[in-house]
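Every chain is named by a letter (A, B, C and D) in the order it is written, and numbering of its residues begins at 1.
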Amino acid sequence: MSTLIKGGHIVTAVDDYLGDILIEGETISAIGASLDAGADRVIDAAGKYVIPGAIDPHTHMEMPFGGTVTCDDFTSGTTSAAFGGVTSLVDFCLQTPGQSIPDALATWHEKIERCPPVIDVGFHMAITDLHDGGRLEDVAQVPEQGVTSYKLFMAYKGAIMVDDETLFRTMQVAARTGALVMVHAENGDVIDVLVKQALAEGRTEPRWHAATRPPHTEAEATDRAIRLAHLAGCPLYVVHVSCQEAVEPVAAARARGWRTWAETCTQYLFINEQHLEEPDFQGAKYVFTPPPRPAHNHELLWRALQTGVLSAVSSDHCPFRISDQKTLGRDDFSKIPNGAPGIENRLHMLHHFGVRESRITMSQLVDLCCTQPARLFGLFPRKGTIAVGSDADIVIWNGEKPLTLSAASHHSNIDYNLFEGTKVVGAPEVVLLRGQVIVEGDELVAAPGAGRFVARARFGEQLQPAHEERLART
Amino acid sequence: MSTLIKGGHIVTAVDDYLGDILIEGETISAIGASLDAGADRVIDAAGKYVIPGAIDPHTHMEMPFGGTVTCDDFTSGTTSAAFGGVTSLVDFCLQTPGQSIPDALATWHEKIERCPPVIDVGFHMAITDLHDGGRLEDVAQVPEQGVTSYKLFMAYKGAIMVDDETLFRTMQVAARTGALVMVHAENGDVIDVLVKQALAEGRTEPRWHAATRPPHTEAEATDRAIRLAHLAGCPLYVVHVSCQEAVEPVAAARARGWRTWAETCTQYLFINEQHLEEPDFQGAKYVFTPPPRPAHNHELLWRALQTGVLSAVSSDHCPFRISDQKTLGRDDFSKIPNGAPGIENRLHMLHHFGVRESRITMSQLVDLCCTQPARLFGLFPRKGTIAVGSDADIVIWNGEKPLTLSAASHHSNIDYNLFEGTKVVGAPEVVLLRGQVIVEGDELVAAPGAGRFVARARFGEQLQPAHEERLART
Amino acid sequence: MSTLIKGGHIVTAVDDYLGDILIEGETISAIGASLDAGADRVIDAAGKYVIPGAIDPHTHMEMPFGGTVTCDDFTSGTTSAAFGGVTSLVDFCLQTPGQSIPDALATWHEKIERCPPVIDVGFHMAITDLHDGGRLEDVAQVPEQGVTSYKLFMAYKGAIMVDDETLFRTMQVAARTGALVMVHAENGDVIDVLVKQALAEGRTEPRWHAATRPPHTEAEATDRAIRLAHLAGCPLYVVHVSCQEAVEPVAAARARGWRTWAETCTQYLFINEQHLEEPDFQGAKYVFTPPPRPAHNHELLWRALQTGVLSAVSSDHCPFRISDQKTLGRDDFSKIPNGAPGIENRLHMLHHFGVRESRITMSQLVDLCCTQPARLFGLFPRKGTIAVGSDADIVIWNGEKPLTLSAASHHSNIDYNLFEGTKVVGAPEVVLLRGQVIVEGDELVAAPGAGRFVARARFGEQLQPAHEERLART
Amino acid sequence: MSTLIKGGHIVTAVDDYLGDILIEGETISAIGASLDAGADRVIDAAGKYVIPGAIDPHTHMEMPFGGTVTCDDFTSGTTSAAFGGVTSLVDFCLQTPGQSIPDALATWHEKIERCPPVIDVGFHMAITDLHDGGRLEDVAQVPEQGVTSYKLFMAYKGAIMVDDETLFRTMQVAARTGALVMVHAENGDVIDVLVKQALAEGRTEPRWHAATRPPHTEAEATDRAIRLAHLAGCPLYVVHVSCQEAVEPVAAARARGWRTWAETCTQYLFINEQHLEEPDFQGAKYVFTPPPRPAHNHELLWRALQTGVLSAVSSDHCPFRISDQKTLGRDDFSKIPNGAPGIENRLHMLHHFGVRESRITMSQLVDLCCTQPARLFGLFPRKGTIAVGSDADIVIWNGEKPLTLSAASHHSNIDYNLFEGTKVVGAPEVVLLRGQVIVEGDELVAAPGAGRFVARARFGEQLQPAHEERLART
């Protein structure tokens, strides 16, 4: 099977040119000014951008949290993703405290077997319990399974939060195994005190979610994680940086040449703490963590993306229905399941408000959503770029297509949309995964199972085409 | 009883002039160009500096630690202090984990009753156990007793280290009660891991004390304490800052206008990590915490004193004998009692290497050792300056007197001296406490009990002459 | 002649106590809790602050500028000063381009002979023309005359601006002679271009004064002067820092331990660029240089005063009447004489908005307006403090006295007041200069000539009581 | 004519893969996993890197300076370049003070006509004299000629240095015309004073070249240029940053999001100030400007390249023979012509010490030497990358080829080599310019004239294949 994408405006993290792309099997076999290869299928991309399939390195499918479970499974969640131009995601396999690491990993593999994805899927290992260090060797084995990043939570005290000993010991393992350490950086102790005090004073509405997680709880934990990773000698990736206070220690570390990277998420560029005050408990839609911040942070985060202080934008897709899940916290903001949907609209929002409004270039969008996530998470160069030999994960993006973002039309199971009613211009027209068209216009043309598990390379190593096969065999 | 100090070169934190000081009772009643008041006693200070008695805000007398007890009690320790020109100290009343706060305080009052001091003494309250928050009200009561600072240890895991919840809750109490929070800022979790790993690898010598407490463990905790204090709304004082990495977050906070102050100690200006390698276990003399650092930090700490980033120099006097106490850790550096003597030589070292070598002025020495400690710890203006109405705590300092620092001649019970053999020029000639001569040349002329407990004012408040009396009555 | 000030609340840059001050002749002979000295005169200061006479290190009396002359001579200007609690000022002796340095100095001495001051007066030497280096030796001689600071203008192109060669050569001389270099830091080349362009576009109103001197023209020159002084090895004092952009290089230099100091002026804490838009040419009242800045700078400047980044507050008193002097620029903002009055209201404003509104303490006010200017300009300890042996330059400040600032009641020749109508609480009640009462309530009780020229010490040296006499004899 | 490059390891600023490149005519027509296109010529690149031809944005061919002329003309200089893997350079057309801008440009076009280049050549316009602003319109016309960058010298007083007025006015023009402003940032006034003083003291040896240009003369001018460009609203490129002091203002500006970029040059990564002390006047080889710095700067500059603070590495090729040109300054270091050769060895040095020693990746080398210079100077995407449609400027780099750098074997006219005797591994094997092989092994296979003038796009615009033609027609 071969496909020829004709005449598109190909944009990578650095390049920008007109050309044809020939796909043979699952990979790109040639790029040319004018390829006439008698392909099985020809897609006309004239007047469209042709970009790498986006990678979402931060999602939570079918994840138990606070007595409920996120409402997208891997089939529904990846379907939503595909409509947003996403062709790979990396989801957090979450160790339940007490559970063994191999069990946790098995649980996640079962999820994608039960609800097969339509895009490719990798896993991070979220470690919550080292069992007094007894599980360190299990942790060390994880990268052998193609799971080459460890996630730790510095918040959610009493649930999945780890102490500095667990954090540091895991970082030391990472330094040895070549894994990347990811942290949710908030000071859980301080937040726990503030939450209890707020509740004791009868402050139960959603807006207290933000008030009890002030920016310096995030900045503190960010600085702490950075220094611990530096001491341990491992690379670090700080997830969902939400405010200038937390950007600053990241910037300082990077200026010193430390191996620190960080992402923000779409919502931190658009949603602010005022949204939590929407009446009738609608503010609960915006209860995600870290919380929405004062609006002046929005432009400062764009600045950090422009100057390279932040390396990526993820979605932190973590959907809980407003109708019957968020309501767990109707009388107690601390019981509102934390999280919001977003996997489908990341490129829509960044293209419209970023590229069209001249905050970033199209190449920067590709870099932030495709190339950098691929590089940092061991998917490059198989994914994250348009180059000969790379997987033919490709989005044909119509830069002029108008779209209104809405829960009524999105493809996730979630019953609300963070950007409800927002009118944007620009959307995917065709999405290919390893050479196969999975989305065409408003149609999903792939079946569940089109996507598969991707064993990722270790930090700093490359994922060559042959690599997956080798790992698959082991 | 009146005393006239004639013709000295009076130096305060700002002023610098020739004059006479008349003392009536315990306080300074007049300062004049030439006072002829028929005083009971006249002391000729011509050619000498006349400075405020120094305050040492950081000492550990008769403190249990690691299975032993510091070898100075309040009588011997304050005698040593007096010979160093120190007329007040503030010692750490240490709550044993499990012990109640009032009990801990009572224990410390007993110590000064049993071994009465020759200089004035105040207490900080070192909090190690809030009993799940149950002791917060006790903590809130402490300032009523004239104990207006709380100390918390972020290191010494498994012993007196507190978690961030205890730290933050105490800070919140401080914000309410007007107490100053002091932190020993090192990341105890990380250090605990590194220590265990070093021991597991057979690394037992004293030099591993420094290797297992790298500078960023201090910098991290410093940054954390600063942000938590800012969130809690209390003033913060970081003790024994030892290196540039930890100076930086202090500098940043102060530039933002936050209520952060910090001290260094004499030893961090002179001792470096190489000292730990002295053969025959002599390196154990330098096992104090934070550890001695690479020598380039010395000039950087002087710089921080010059520019006001650091506000004070204390001794952290914490004496354990090399002959039979430090030896507890002969086969395991982690069992060496942490601490070193220093209360007697702070001014000697700062005057010689600071003032005479033009790193600081004599006024800056007074500011760092007398005025700022008095201000920050609620002793000002009763102590820490030479002004009408202030306590007549005065040192007549002979700026030309040669002295060789040595355990053979110092007055502490400790059997070694950090600066053994160092030749300095400059020493106290007469020391007065509330108008009473306590040291004259090489003689102690005060009896134990000359000094007494001082109830200190809350942070930012002044300790007026009448204040102590009022507190004494309550 | 002796005077006793009874029972005041004496405040210095560090101390704060109740006491009596005995003055004999021109100096303070004793300070006591209760002095009964049979003085010739007794002043009751109960309930009042007793502070050092303020020093204004930045004034322009009878200065030719832009075709006119500032409207205060040394008699009227110092009278205004005295009513504001100022007992010494240092005025800029301005070398007319082409004029010799000794001639310039002689001209300024003639001014104080012709219009004798009521407070003490020193001079800075403002150097505008080195005559190709031929006058460097004259420059080197100036400190011998007690004129121990050089001022250079980096702005006013075509008039008194110097190029970097003149600036740097003068700095090198200062490094040798012990003089302090002062700079007016604005990039005159850039401003000259912007002014010409604005005028060419018909933009003639006062508000273009600010628009053509954007903050980075000040920041750039500030950074330049700091680095040049560091290269030359001389101490530097940046005058009239007006905005955060210019504070930053000062802060950076001080953090590096460089010998950089800077002042702001009262007006930069209160006046903003909107004032320039007052109708009917009234905006011209606020045409001073650097110009008023956006209002957010006000709190940032207070912050810089609090944290010690800025060391002093001066007035930059430079009065041109709105009725017939400012009008020179009615049709061309660049012809409006630059400057505003302020010598009388500095303490009023800082006490009311600084001390009473808790931005600074009374001790900080004394430090910023008295002690630091005295230290930096070679007047300390003779002036700038209340200490035995110091000149009895003393202000008895009634902290509860209400006052409305107004041109109708101030004592300068100027016909407007920058703070017209502002109601403050706090004003001088009695002002003494070297023991002589010069202001009592609303009365000037000193005759012109009560003040005299003060030969100042070199940078870092002290001005002892005997010093002046010695200089007077030479 | 078509050429097929088979099986190489293709590296761009972001990508990294194995593939074939098909060149048709002057451009790349296809890239494929395996292209069998019956090309006219096939080059086997197996085991070799295939990278974009390097761009040197900073050279001085046949430039008059200090009474002599650089010893490479465009034929010899570009030959040397080609052997170093350079396929385009941008040379400084230098306006002689007094000369008109069009004349200067005509002079430079004559140079490339007389001595035709073997690689492509663009020009920057170095402006030294605006003739009181009279030439501003000429300056504005220059970008129309495809010369889209202005260079100004802040040093070389009395020769080509401009004052801030000229600098700022040119920046304003640039903001209007879309040109990039380049500055040689050193404070010429200060340096002029220091040089004269050194000579007056008999200090004539080469090492005084560095002593009279201390780092803060560079840092100051760098900060000044950055702020002036920001005020004028034009993009700025600081050439030849040599030391950490000058890196800092660049880093600060970039963190603020200002449009500031900067390069360093190969020599600042390897040569230090000690080299100037080589005996027998051999130190004169290292007399370039800014001068070699203390060696600790080397790793700090590498760090700045790694973190993106510096965007490019150029050669500043400016060759003066040691035998008979540098000797002009045998008795006076200030008369030594400033400059050194380097166009041939930039990639050799960066590949060996950068890539092989793991300071940078091969992609970073491409970014620093090819892609960023192309982007910043209006050559992208025609040059600076390997992409369909781009010029086939390609280097086949043998990463294992050993080479000893030496004047005996290099191809410039210059009689010494800065890195004489340095053994490196890695060198070009084949170099193609617009599809034509120009270097093959040790042979130059192109004739003079193979290269041609390139009209560059304005800053931020792209140079499309058709662009040159269009410009050529106008």
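Keep in mind that, in the parts below, a contact is a pair of C-beta atoms (placed from the backbone, for glycine too) under 8 Å apart; a residue touches a chain by one contact, two chains touch by 3 or more.
Small disclaimer: the values here were computed from a predicted structure and weren't measured.
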Chain whose average C-alpha position is farthest from subunit B's own: D
Distance from subunit C to subunit B - Cα centre to Cα centre, in angstrom: 40
Centroid distance [mean C-alpha coordinates] between subunit B and subunit A, Å: 50
Centre-of-Cα separation between subunit D and subunit B, whole angstrom: 58
Sequence positions of subunit B contacting 2 or more other chains: none
Those chain pairs that satisfy the touch definition: A-B, A-D, B-C, C-D
Residue ranges of subunit B touching subunit C (in the complex, touch as defined): 10, 12-19, 22, 24, 27-35, 251, 254-255, 257, 303, 306-309, 367, 371, 381, 385, 387-390, 462
Residue numbers on subunit D that touch subunit C, as the complex places them: 163-165, 167-169, 172, 187, 189-190, 192-193, 214, 216-217, 219-220, 223-224, 227-228, 230-231
